[in-house]
Each structure stands twice: as C-alpha cells, then as structure tokens.
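Take a look at the following structure, please.
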Amino acid sequence: MAEKPVCVVVGVGPGNGESLVRIFAQKGYQVAALARNLDRLTHLVSEIDGVAAYACDATNPGEVDQVFSEISRDLGPVETLLYNAGSGTWGGLMDVSEEDLKRAWKVNTMGLFLTARSVLPAMVEAGVGNIGVTGATASLRGKPTTTAFAQAKGAQRLLAQSIAREYGPEGIHVFYFILDGVVDLPATRKMMSEQPDDFFLKPDAIAASVYAICQQPPSAWTFEFDLRPFGENW
Amino acid sequence: MAEKPVCVVVGVGPGNGESLVRIFAQKGYQVAALARNLDRLTHLVSEIDGVAAYACDATNPGEVDQVFSEISRDLGPVETLLYNAGSGTWGGLMDVSEEDLKRAWKVNTMGLFLTARSVLPAMVEAGVGNIGVTGATASLRGKPTTTAFAQAKGAQRLLAQSIAREYGPEGIHVFYFILDGVVDLPATRKMMSEQPDDFFLKPDAIAASVYAICQQPPSAWTFEFDLRPFGENW
Amino acid sequence: MAEKPVCVVVGVGPGNGESLVRIFAQKGYQVAALARNLDRLTHLVSEIDGVAAYACDATNPGEVDQVFSEISRDLGPVETLLYNAGSGTWGGLMDVSEEDLKRAWKVNTMGLFLTARSVLPAMVEAGVGNIGVTGATASLRGKPTTTAFAQAKGAQRLLAQSIAREYGPEGIHVFYFILDGVVDLPATRKMMSEQPDDFFLKPDAIAASVYAICQQPPSAWTFEFDLRPFGENW
Amino acid sequence: MAEKPVCVVVGVGPGNGESLVRIFAQKGYQVAALARNLDRLTHLVSEIDGVAAYACDATNPGEVDQVFSEISRDLGPVETLLYNAGSGTWGGLMDVSEEDLKRAWKVNTMGLFLTARSVLPAMVEAGVGNIGVTGATASLRGKPTTTAFAQAKGAQRLLAQSIAREYGPEGIHVFYFILDGVVDLPATRKMMSEQPDDFFLKPDAIAASVYAICQQPPSAWTFEFDLRPFGENW
C-alpha cells in the first residue's frame, strides 16, 4: 500500500491519548487526533510528523458524522480507531447527580457507539480494521466511589463486546484493554507525589501493548487484556 | 410492627412485575405498583388487597421525586424497592439508533439510580431495607443482537454493585438477580408457541426467590444470583 | 410421600456442616451426617432426631462407594447432597508443598466428584434431586496466600458447573454458594476476638439460604449465589 | 548480556509447543524443550539452532527438580518459563474416571506448581522473569463434556493468578492466555477436515502474541488475555 494507513485517536490529552498518537505516527500511520478542544492538540501536530488535529465532541452525533467525513476525505478510510475518551465523577450515590451519570455514560459508551458506527462501513468494505477501547477495572466491578464511573465503563465494555462479536467475522478486530492502576499524568503525579516512579502505569507502555495487539493476525485475536504496574496490589 | 411494611415495585406489567406485587402483598406488605401507564395496574388494585397504583416514568427525576413523596405520605417509608423496569431494542450496531441506546440505558440504569436515591435516606435512617434489581444474562456479556440492551444491563449491574457495597454497612441489602431464559408471558408464549410449558421461566417462581432473598438475615446476604429453567442450555 | 426424604451432608464439623444437618432435620429430612471422624458426630445424633452418623473419607473412592451404599440401604435413595468438605493450607508458593496442593484438591474436588457420582444415578431415576456445594471467594480468584486453596476451589466450582449443566435437564438442581467472609466458629472467634458479633458469617444463616435454594421450583433455579455479612468490605 | 537468555517450554508437541520453541529461538533465546518423550523433540533440535531437548514428566517432583537443575547447569538461569503441558479426557460425569480427573489436574496444575517453584528462586534473585501459561476457555466455565478438563484448567488459572499476585512485586511477570478455538494440528485438521483454513487458531500466531506479552515493560503488564480466530462464535 502506497498510502499510509489511517488511525483515529479519540480523546487525546496528556497521557494515553498522546502516547497512542505518537506510537502510531512512528509506526507509519497517518494519525487523526481528536479532542473537544483543539488547543490540546496543537503541540502534537507541530512536534510529530503525520498527525492531523480535529476538534470533536464524541458524544455529539452531528459532530462525529461531520468530523469523520472530513477525516475520510482528508486522509482516507480509517483502518484503526482507538477510543480513549472517558471520564467520570468520583463519589457515592448521594454525591453524584443524574447529570454525572449521564455524562459519564455518554462519553464512555455513546461516544464509542457513534465513532464505531462512523468507521465500520468502510472497514467492512475493506475487510480489515481495528477498534481498540481504553477500559478500566471499574468496567468489571462497582465500588462505593464509582457510582457514576463503573456503570459507564461496564456499559462501554459490553458495547465493545457486542461489536467485537458482530464484526469479528467481517475481519474487524475489536479489543478492550483494562487499565488497573494509576496512569502517570502531571495531575496524578501531583496528587500522589509520595509514590515512586514505578508506581504508575506509563502511557508509552500502554500504547506499545495496544500497538502490538493491533498487529495480531486474524487467526489469533485478543478481545480483552489487562494492564497494570508490576507492583500493583490486585 | 403494627403498620405493614412498604414495598415498591417499579415497572409492573404482565410477568415478573405482577408476580412480585402479588407475593409481597400476600406476605403482608403494603405494595405500591408503579408503571408508566396506570391502565396496566387497575386490575391489580381491584384483585389484590394491599396494592396501590401510581403512574411514574422512572427515568424522569421530577416524577420520581413526586411519586416517591406521595408513596411515603400515603403508605409510610419504603422498606423494599424492587426495580423491575427494563427493556431494550434488539439488533446489531447498524440496526439500533443512538436513541435506542439511550432509552435502554435510561430505563435500566438511570431509573434505578433515581428510585434508589429516593428511598435510601429513609432506609438508612431505619437501618434496614432491601433493593432488588431484575437483571439479565445480557448484564454479563454483549452479543451481536444486544448492542443496545447489554450495555444498559451491564451499566445497571455495576450501579447495583456500587450501591450494594456503599449501603451494605448501613444495613441495606441490595441484590441483583440474573434471569437466564425466556420469561413466561403472553407475548413470549405466542412467539414460541412450539415450546413446552417447562421451557419458560415462570414469574411466580422468580418472585418466590426474590422474596426469599429479602428474608436473609444481615449475617449472610446474597448480592447476585442467577435464575434459569432446569432445561436451559447455558 | 410417607418416607422422609434423605439428605446427606458431607464434611460435618462445628459450623456450616452442623447447621446444615440441623435445618434439614428440622424441615423433615432424614439426615446422614458424614465426617472422617465419628467422634465429631455423636453429639448431633443424640441431640437431633432424624440424624444418622457415618464415618467417611470423601476422597477415598472405596469408602465413598461403601458408605453411600449403606446410606441407601439404611435410609433410602438420596434426594439432597450437600458437599461441605473443604479446606486448604494457607501460604505462598514456597510455603506450601505439593502434598498441600493435592490434599486441598482432593478434599474439595475429588470428593465432590466421588459423592456426586454415588448419588446421581438414583436422582436421575427419580427425576429429582439437589446437590449443593460450599464454595468460597477463593473459587473466583487466586491471591498470594491461597496458592493451595484457590486452585482447589476453582476446580471445585467448575466441576459443579459441569455437573449442573449436564444434569439440570435431568431434573437435578446443582448449586454453588460462595462464602465471602469469616464463618463464625470457635476457632475464628478465638483468632479474631476483637471483632464484633456481626462481623461473622453465621452458619445458621448460611444453612437457611441453602435450604431456601433447595426449595426453588425447576422453573427458576439458581446455580450460584454469594453470601457475606452486611458489613463485609468486598 | 553476552549470554543468551534461557527459555524453557514445558509440554512440547506439534502445535503451540513447537511454535513457542521456534519463535523464542529465533528471537535469540537459548530454548530448553521439554516433553515426556524425547522422540517428539529430536527433529526440533536438529532443525533449529539454540534448542536443547530434555525428557521430563512435569508432574513428577523428582524429575522436575533434576531436569531443571540440568537446565541451569547446561544453559544458565531460566528467564522465561512457558507452561504448555495440559490435556484432559472429554466426557460427562459418568464417562470419566477419578483417574481422568486426577491426571488432568496433575498435568495442568501440579506441573505448573512444580516447574514454577523450580525457576522462581533464580528469577527473584535476578529481579526479572516471565512465566506464561497456556489456558483454555474451559478455565472459565464447566460444560457437560469438560467434567475432567474444566476443573483442571480452572485450578490452573487460579494457581497462575496466585503466583502472579505474589511474584509481580518481585519483578516476575506471570500471565495466562486463554485459547478459545480449535488449534491447528494434524489431528484437529483430520477430525474437522470440512473446516476452512481460517477456522483454526494457528500456533505461530499464538506464539507471536506470547512473545509480545513477554516484552511488556513492568510498568504495564498483562495477566490475562484471550486468543481466538476472527470467525469464532463466542
């Protein structure tokens, strides 16, 4: 293929999003980096070759349709979609509002639905494609502080499973990686300044595994894998 | 206690909802039966002693607040909440709309959040209470036909877990029962008219187990249990 | 039925075993209480009507065959088998021996296999029967201190599942209950004397739930349920 | 490091074992290939550079001790242990014998225990090491035909988890990969000759993923991942 394959990373901020953009660009992809706010992306575009930035609220159907049309037109059909948007308010049942639950669900689950729907027809036509989703241990269990977050991640994980089972036979590899630990970010470093360096999940290490999973041949695909720092108490 | 304990069943229609209403009324509860449409409830009120009917859309915060205030005023504080609302459009990723995903999530997850939030303060004050939620195998895995439904049930299950872990130590017993099979309803009988009687999950049998779980002493509570017909292939 | 139904409890000691014997005797069963050592059983036989004691090492095929033949001859065909034998040495990989692993596996898994095999033909002939197995959270996950125990409980749980799926359609109800907490025993009370009374899982409460699950009609059977004290951190 | 790192593959036969030997040899490892029967290994030794063959019954403590001592002496301390031994008799409860259960447990679980115990002290001293275990979907659920196999794989999976949690903080990466599908072997091809080529899990594809997981930096380790052919119905 003369053309570079296209990878879209949804939810690019400092951390996993940036590392995913970097590694796919290094490996020869043309990368579309999406965030709600373009400001977060400008330094990536200037620092890394092969990165284009798009402002997009992944929970807004109209925006998603429009931005993914632009990407197709600008870069070509999407080969790999990495859905990394996802957040949630911490707190117990009385600490979170119905808006908190809804927002968490929309950014984790509805956004995955909308973006997957945008890329799947072209992937099916090509008979090839990857959709990787950033998960969390909260996708497996609800705790008192994850009233809003766990329900959203649980929904996201099962949506990813439904898509994986439906589109696997079409040649599309859908996978879900469960981060179990604290990601190394300026914010988490500040909050947990007493922790040693190796306490943290490094975004570049996460991104390297995501890239490796995308390389699996169709004969042996992984749907789900966990990632945690070696010292994590799990 | 001179007063009858109060049980609220949310999502009463033919099937599990009706059976839950019946058994709790028989066992001496004052039962509030909720459905979006009062028409579905009038025969229950006239047939069974100790049942009051309320129209309520469980996904509407204002309605939930108002109806649960009425229930408290009419019947007293709620001791047992049974959340039985839940549905979802069948189909693959391209067959369901964002509205289908949202509706399924709202009725399964947001409704549980809103109604649990309405009853928990009085339960905590009393130091006792039950919240039971009607689950499904789709809460554990996503299949190609459950794009909308599985994400909603997965979210619901983890929300129930979060509440169970937060409010267990306060004396509130939260549990989730996973129906694995086809519930015996006029509609399913019609669709699967070739199936023998014992193919179906009987609503009265489900309700009997729900009632038994509500009787567990705090020393040995169940959070999750499955229910399936003996012949089910699982 | 003029004859009392027969219940066999395997692994009777202070705690769950005794409580299971008591409740099934109270409810009208003829109960066969099995332990490796008859001394543990004599007080039960003298205190409770309808209890017969048998010495049996459940991991010894010859003994199991012989004792279950005696039970059939003495009391009639077994309607309910409760497999409560199970133990395991605590410790890390270097702390436990191959004998510890083997012993834990034999008492939890091989014993279930041998005793289930002894009762199933008569149950199949009758078209009815219950097999309940005492599980533990260790059946779901291995921790550093459960090197010997978790592998044994994990094996036991999947063996129970295999039997449940094979014999459900024959009318035999197989279930597994997962104890998540510290059972109230003289030994655990002594070791954890600082804990309040309600910290412990009470054997009578466990036995009551086991009995209730045995009453489920074939239309809605539970395979697995958890039991934990209300204050447990899970 | 001037010396080649040492990888031991336990349970080498046609299929996954051979492919693991090949890829680790290609990547620069000195590989010790173990099987009960040396005959199975001679062609590998002659075909591939860097492979040494050892006869070893992994369920025999004395043999394991002796063979792993030889390996250390011959090749140096083991950096990577791949436990690929594992089999089980198919059949329902009445079709399998206690010997079938025991043999399956010994080869899947006891053998992992014995070989892990042989390599861990040197790994801990080095502060680095990998232990990978070949799992199966049967490690997650018991079916009517897996009475002997599922209990053994369930035990093996939880043993691997216990070791992973205990030795992760020491720098040892333990992981479990769940094969969900039919592995491409002469025997399975013959039995399922009507299936297309892409129906099968290819051993080389499995081995490539195992190798990739061994490369993960300690900041982001995977314990468990599944592998299945793209068209698998799961």
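Going in written order, the chains are labelled A, B, C and D, and every chain counts its residues from 1.
In the analysis below, contacts are C-beta pairs under 8 Å (C-beta built on N, C-alpha and C of every residue); 3 or more make two chains touch, one makes a residue touch a chain.
Quick caveat, the model's predicted, so the values are computed rather than measured.
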| item | value |
| --- | --- |
| Labels of chains that are neighbours to chain A and to chain B | none |
| Copies chain D and chain C - interface residue numbers shared by over half, same or different | same |
| Geometric centre distance via CA averages, chain D-chain A, whole Å | 31 |
| Centroid distance [mean C-alpha coordinates] between chain C and chain A, Å | 45 |
| Contacts with two or more other chains, residues of chain A listed in rising order | 165 |
| For the chain D and chain C complex, residues of the former touching the latter | 61, 92-94, 98, 101-102, 105, 109-110, 113-114, 116-117, 120, 138-139, 141-144, 146-147, 150-167 |
| Chain C - residues contacting chain B, complex | 165, 168-169, 171, 173, 198, 200-202, 205-206, 208-209, 212, 215-232, 234 |
